[in-house]
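Just so it is clear, A, B, C and D label the chains in written order, and each chain counts residues from 1 on its own.
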């Protein structure tokens, strides 16, 4: 049932479009197009009054499909889908044509050219609407329970948030006690809060919430089902006196992955690592934590008077860990401030590539400068060299200082701190295998979009938070984990969820049962079934299908298409774009 | 090669408020210097912070050419006490080189 | 060729250390300005010149004798450094060098300051031959030990005279007593006020008729504007007596240096800085107001003949006289 | 002016292309975009269809490593392109009229450059064609 009575609305967007595109001319040129019942110009299509007017027209003219040529669909696709729905139309028979970001704003110097291009784009939009089928979101009932994998500071906070929403929470921790990286830290930047007591107070809160179950020494081993109704198996390692591991079956509506990350450990000999006096950031923080009441800084009983920090160790490499871990600059600088405070006579040299103390953390950097820390920038082409003392001599760090036109400096140091970042945990692989979560080039779990959909994954109902999706500081871990908790909570509390209907569809008349699509599908969403006459035919499990379309190009018969992106629709859009 | 000599910074700090480490080398001072000496004052501070006494001695003329007019200091985005720092370096040089 | 830095610094250190002055000239030359004004000796509040205006004519004189020094053999300065502790070389070199007209002009500034202060009812004494140089030059040059010794001695002397308040007349002396001494001398408890601040607070001149149309151009001192934040005060006083003035692009907190501070070591560089400043001032008018003797000296060295430099005190006093008044309005 | 069809993706390359507009960065007028969920789902037959019906070139703005669906998105999209080029050759069309590059959500400059270069390259191809 394709649209036959189409309404076309071309937006002026104030002047954002009409200053560069002759919108009246666009409307004139598409008036005769087959199926176009009405064509109008709007001043601001998104305004309430324009929407009411369009709803009136849709009803009065009995339109069964509409096209709005305005801004990017990123801005108002949902606005107008909802408007279509209010007018009694199927929202998927609405097409938004982007004549602002992709026309008026890109071709500001050629009014005639831009007008012709806008017309072509609108023609393609008309074709899209003409070939659109009414679609209905896939509705799924959800269970009010969540599995949270990983009980670091992010997982704990997310579990509490979900528990306080009244949801049943199963909190899994691989180690024998919760807390993760924060659990053993005495001073967290930038506030200096005590991580140990922070975790303790979160655990107390968890114990008071009846609907949260905490499993330690536990891992996720199996997952079946889909959003709203997952069935998962967890394995709990045997405790003292037990000889067999427990396997527990749970049914949950959503899964949060807060498995965290682990500090990078330099290779033996990397910047002299392994030798006396050369420590990682984590080891240095441990050293500061274990001597909080001391007035000076001591390493192996000797007073430290000169500390050299080397930043980006194991980070931003040409190969391997190519990314920046974000938190390490601030953490190292925060530690250096503690040194300045405890022992002002210690001279501190910071050898860095770039300093990333973003937002209010810049204040830490400013304070370090103010207190006398010296920052020395080096080029990645000539990283510092560490020469370990022989026969009891000190450590020498050699670096080419970019600010003194690459003069080589030799810095004698009592202690060298390798400022190391975070890398994905090895144990993450199990979770990845069980949940079939995509990981990015860095090896961390991938969100759908870092800005627009930052905690969702392509596996509907599975959310990621904290360092599992990339290095973060404690505060950011908590923020993103709470974001994931809010997202999970929002579907579970509602009791049902609507999924976009853009999934693969088989035209049984065309399918010859070759099975190439079964192999092509990365999500095991296509299986080979049988027609009533016993012949093989591809069958799509719409709950597993992500709608990316990997199966489409492999089908020799064009029997597969993604709803909303059918072969004929695309071809007629191509024709529309070519019609002058 | 410069052997970083921490005794120079320690000595400067013992003489007064030597806050050149705040400098992030933006070059505003150099651009505004009425004497127009390209080396003033950020590069000098760098050498002082690195303890490169020989480099300071080589640049004594520049160090003593500073007007202490504070045009740079007024506009320094980091609020470095430039004129005070120059004075402290002069003091160090007078003592080390001239014995004054 | 000019004097080498080490020679200048050595002689400076010797002069301060031995004679208590950067530029030891006869004390009669330092106090001559006050003759006939009847200023009492000492008191709780004193007008403190710090010798800055008085030594300018001698510096000018010495500059005129530069050719003579240039002809001296290269070993000359070594000998000079050796004998200076015994014989006051500065005094010898400058003997008779100060031009009487210069002496009059700079002494007049101090007399004008005193008269202006009196005209708004400020009472003050003067230390005459007991007054000391404040030590700005050794301080700026980093002659720390010499300076500290000197500062302590000066402070002790001031305390000995029972002085509670200093009225300073130039930026360098003001900065030394207002900011530096309190930092280096524990318990420094003498109040310091600059005469421009006092005038801004108290001076109410009688003004007849309209504004003073001579197109003055104002030149701020670096030390007044950036060290001490004194730049609205002189403007306020000038406006009060009806003087109109032009602001160069670089003024107040962004004023451009006159080059003076490095005159003793790098006279050529100092001249270049002064010329650069002059090029900013000249297009705005032919009469320039200065507030610092060093600025007056340095800009004067590079100015065209048709440009006139006036110390602010002189202008204020001149107009006050034209208006026919001495007292507060 | 060459007629260029760009296949772009909703989540990753569309925002990058939109960003060109938001920054008022111009690219050739002949460029038009059709958006799909993921570049691995583009059918080589669509590409051939576009070339046969009047487009001078087809550019696939691929998700690259940013793809949220597939780790091997680039490999799969690469295969789509190779197949499309084979189809083009079979139909007697120059395979250089099909191009692919990863365009991320902030790749406005990269997109602009690709379009300018592709437009130029297609003009040159057209020139060669006329000489034949």
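Quick notes on this structure:
One rule holds for everything that comes next: a residue touches a chain if its C-beta (ideal position, glycine included) is under 8 Å from a C-beta of that chain, and two chains touch if they have at least 3 such contacts.
Remember, predicted model here, so these are calculated numbers, not experimental data.
Sorting all chain pairs by how many C-beta pairs they have in contact places A-D at the top. If you average the Cα atoms of chain A and of chain B, the two centres end up 47 Å apart.
Here the spacing of chain C and chain D, counted between their Cα centres, is 76 Å.
Averaging C-alpha coordinates per chain places the centre of chain A 68 Å away from that of chain C. If you average the CA atoms of chain B and of chain C, the two centres end up 27 Å from each other. Counting partner chains per residue, chain A shows two or more touched chains at no residue at all. Contact topology of the protein chains: linear, an open path with no closing contact. Under the contact rule stated at the top, the pairs of chains that touch are A-B, A-D, B-C.
Taken together, the chain C residues at the contact with chain B in this complex read 5-6, 9-10, 13, 139-146, 222, 226-227, 253-254, 256-257, 259-262, 265-266, 269, 272-273, 276-277.
The residues of chain D lying in touch with chain A in their complex are 3, 5, 11-12, 14-15, 17-22, 24-27, 29, 32-38, 40-46, 49-50, 53-55, 65-72, 76, 79-80, 83, 105. The touching residues of chain A, counted against chain B in their complex, run 305-306, 345, 347, 349, 366, 369-375, 401, 403-404, 407-412. Looking at the complex, you find that chain B touches chain C at residues 15, 34-35, 60-61, 64-71, 73-75, 87-95, 97-98, 100. By the touch criterion stated above, chain B contacts chain A in their complex at residues 1-4, 6, 9-10, 13, 19, 21-25, 43, 46-47, 49-50, 78.
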